[in-house]
Amino acid sequence: MTGYAGAPTGAGHRLSMDELAAVIARDIPAGSFVNLGIGQPTRIADHLPADSGVVLHTENGMLNMGPKAEGDAIDPDLTNAGKVPVTELPGAAYFHHADSFAMMRGGHLDVCVLGAYQVAFDGDLANWHTGKPGDIPAVGGAMDLAIGAKEVYVMMTLFTRSGEPKLVPRCTYPLTGAGCVSRVYTDCGVFDVGPDGVRIRETYGVGAQELAERLGITLP
Amino acid sequence: MTGYAGAPTGAGHRLSMDELAAVIARDIPAGSFVNLGIGQPTRIADHLPADSGVVLHTENGMLNMGPKAEGDAIDPDLTNAGKVPVTELPGAAYFHHADSFAMMRGGHLDVCVLGAYQVAFDGDLANWHTGKPGDIPAVGGAMDLAIGAKEVYVMMTLFTRSGEPKLVPRCTYPLTGAGCVSRVYTDCGVFDVGPDGVRIRETYGVGAQELAERLGITLP
Amino acid sequence: MSRARILESTDAAVAGIEDGSTVLVGGFGLAGMPFDLIDALIRQGAKDLTVVSNNAGNGDVGLAALLAAGRVRKVLCSFPRQADSWVFDGLYRAGKIELEVVPQGNLAERMRAAGAGIGAFYCPTAVGTPLAEGKEQREIDGRTYLLEYPIKGDYALIGAHAADTMGNLVYRKTARNFGPVMATAATTTIVQVDQVVEAGKLDPEAIVTPSVYVDRVVQVTARHYTVRGAR
Amino acid sequence: MSRARILESTDAAVAGIEDGSTVLVGGFGLAGMPFDLIDALIRQGAKDLTVVSNNAGNGDVGLAALLAAGRVRKVLCSFPRQADSWVFDGLYRAGKIELEVVPQGNLAERMRAAGAGIGAFYCPTAVGTPLAEGKEQREIDGRTYLLEYPIKGDYALIGAHAADTMGNLVYRKTARNFGPVMATAATTTIVQVDQVVEAGKLDPEAIVTPSVYVDRVVQVTARHYTVRGAR
């Protein structure tokens, strides 16, 4: 991600969203059942090795979803949760919405990757509503996804355009789920979050010390 | 039903269980979705006119069940709720147990016909357990059926072998469902039951007055 | 419910829908949306409707057209705000339509509960969020749940791929979405299909919506739209 | 859950089932009962099991054989007493087995709740009966309901007709019964099938149990029994 205004000023290389997608793809265990949220997380699919055996779930009623459909392969009856036409892989299965969300809510998916406005050190997630008076609230499947998978990862830039951290002691935006995120992947580094607070796993283009200071966390 | 010990002593013709099955078949509206309980109610199927359009549900997961299977048509994977091999009619559909009982509990079946030990004037049903100390309790789908269909009919003899009425002011056997029965078909007559009490619709081989006296009800 | 009727026109299919009805409308975005039934409902004229659907209309077709015709008092949905939901956005900002936002999985499960005779259920979704406000909360086995009530429809308008003459339904791919659940949750379920086949022609193992849930069926010429934009 | 494994033997399929486990056993009477997995479980030796199944065994095969081997501490079922349930009857009357009777629909719905992440639900079945004793009761919209909790299994042993190499399942006729629900409700789901086919060979529209619910699959030679007697 080439220098958005709010990012740290260190000279190092922060990850582009595509590079970050590759990092997340690397961390998803082979054979996992995975839901990739709309927006940036969708890119992760392009970085999964062909032999990963990862099966993608889309909450509008499908397992083993394939890549985006192009040209003649576009079928209006076959879309992902972002309503983008997609394809089906061998071994795909279709089911209705109640069954699809039962699958998620019942904890049968291994990993879900979501975008976020903010994540709190304890794993609280805010990604559905800015809370601004003029905004029309729209939640979609965000709250169901947030509490559903065994592991909920967030993929986001670490800072807003105006330089505010998005990994925060406490979310100021309305919550999507409480304590539900376990890991946060950002252009500047990867973090574990949860009941024990935030912990830096790795950093990109910026020192752990500088990052800790910007976020107001203490290194162990 | 030729003279079981407890039946009224009048000289008239009480209905056999087969004749009674024909009466019930006559009363089931064309096009209804119907569940016939195990035992005597199963006979009703044989009396439904070919053009009745009645669709039979079996709670072990099927709609549009056909007659009993014979000979080579016997398939161990295709049975009714009594575990008797049956057949499938064109337009049949299979579904799992949760879906099957959702169909019943959700009030989507029009009529269910059950056997009974006792029915109370207010529609309480007892048909699952004698309550005797030595008996092993076994409920099956009886309680789900009792509260599920839009109309629950009972098919039974009106008296026990020892002459006790089975249509009673209050059930002495453990209940299967409270106030769930709307009509009782017996060898001696047909009764409406419910919140307004019991009412004789027709009688077979015995006068309404005698029947009322035996049951301890008042004629209007 | 008694036997499904196969009707000759969409107008016959939507006949009798009363003002003030709650109408469950199938589709996830445009996939599975019953365009022809909605057009017929617009002609039929019922107003003051409460619509339950995942979205609040896309572009100017289907549900968006019903909203634009001013027939909808209230929308229950999970995701009203989309790249192409200008009709809803305009009505909402003008204070001309009421909105209840329901998480997508709760929308589906609450309709399933209505169809399955479940009085209410404890659900972990939305705990600790603004959408938990006013809902009863309960700890079960160390986890917190909210009490959710069924959503029942007077009518469901859904799209399916094929029906047999008894009313059994099959769907196509992700156009299945809310159809099977809505069919169970409505007093009267009205379905538009691409084709009607003889009873016995659909594989009994593959039927998704059994005939008992279907009241009226009408065959229409398949029309498809593809949307651009977020869910 | 991660990818299903296709195993070479029923012994490998039931490996690791611990003493004291709760095992959901598919089948309605004998239709859909996983005979070969149960035989393997008897060889495997796990004891002190709680078994959840619709019935408590028929004749001397399948679940009845597991009971006869003395491995089962408790049975949760809807209908233990049948014309040919002599094994269970004997153990029960001798005080050697515990019984919890659950209405058939509640058995199915409570397992569905376990699989669907529902904390508990209000159900109208059994209100006013002895099986309501000790259950929380509630009026909703003028009707009385009982609060029912999920039934979760450590293992499910089920029978299906075919699996693909990913673990997707289809069933045959009324042998489907409890299989799909149990597959969702167990931590580890073990399936015996008549055949395993390549991924892509099963119609994606007709798959009943998606692969995510399946952990271990083993192909066996189809064995069928027909029972005489009441449910």
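Order of writing sets the labels: A, B, C and D. Residues in every chain begin at 1.
As a working rule, contacts are C-beta pairs under 8 Å (C-beta built on N, C-alpha and C of every residue); 3 or more make two chains touch, one makes a residue touch a chain.
Just so it is clear, the structure is predicted and the values come from calculations on it, not from any experiment.
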Chain A to chain C, fewest steps along touching chains: 1
Interface with more contacting C-beta pairs, comparing B-D to A-D: B-D
Rounded Å distance between chain B and chain D, as computed from the means of their C-alpha atoms: 29
Inter-chain centre distance, chain A versus chain D - centres from mean C-alpha coordinates, in Å: 36
CA centroid of chain A to CA centroid of chain B, Å: 56
Centre-to-centre distance between chain D and chain C (centres being mean Cα positions), rounded to whole Å: 33
Chain B residues counted as touching two or more neighbouring chains: 88, 94-95, 102, 104-105, 148
For chain C, residues that touch 2 or more chains besides their own: 109, 112, 116-118, 123-124, 171-173, 204-205, 208
Touch relationships between chains, expressed as pairs: A-C, A-D, B-C, B-D, C-D
For the chain C and chain D complex, residues of the former touching the latter: 109, 113, 116-124, 138, 140-141, 143, 145, 149, 170-173, 203-206, 208
Chain D partner contacts - residues on chain B that touch it in the complex: 38-39, 58-62, 74-79, 81-83, 85, 88, 94-98, 100-102, 104-105, 124, 129, 134-144, 147-148, 174-179
Residues of chain C defined as touching chain B within the complex: 1-3, 112, 114-118, 164-166, 168, 184, 198-200, 202, 204-205, 207, 210-213
Complex contact set, residues of chain C against chain A: 28-32, 54, 78-82, 89, 92-93, 99, 101-109, 111-112, 123-131, 171-181, 208, 224-227, 229-231
Chain C partner contacts - residues on chain B that touch it in the complex: 29-33, 53, 55, 57, 63-64, 88, 90-95, 102-110, 148
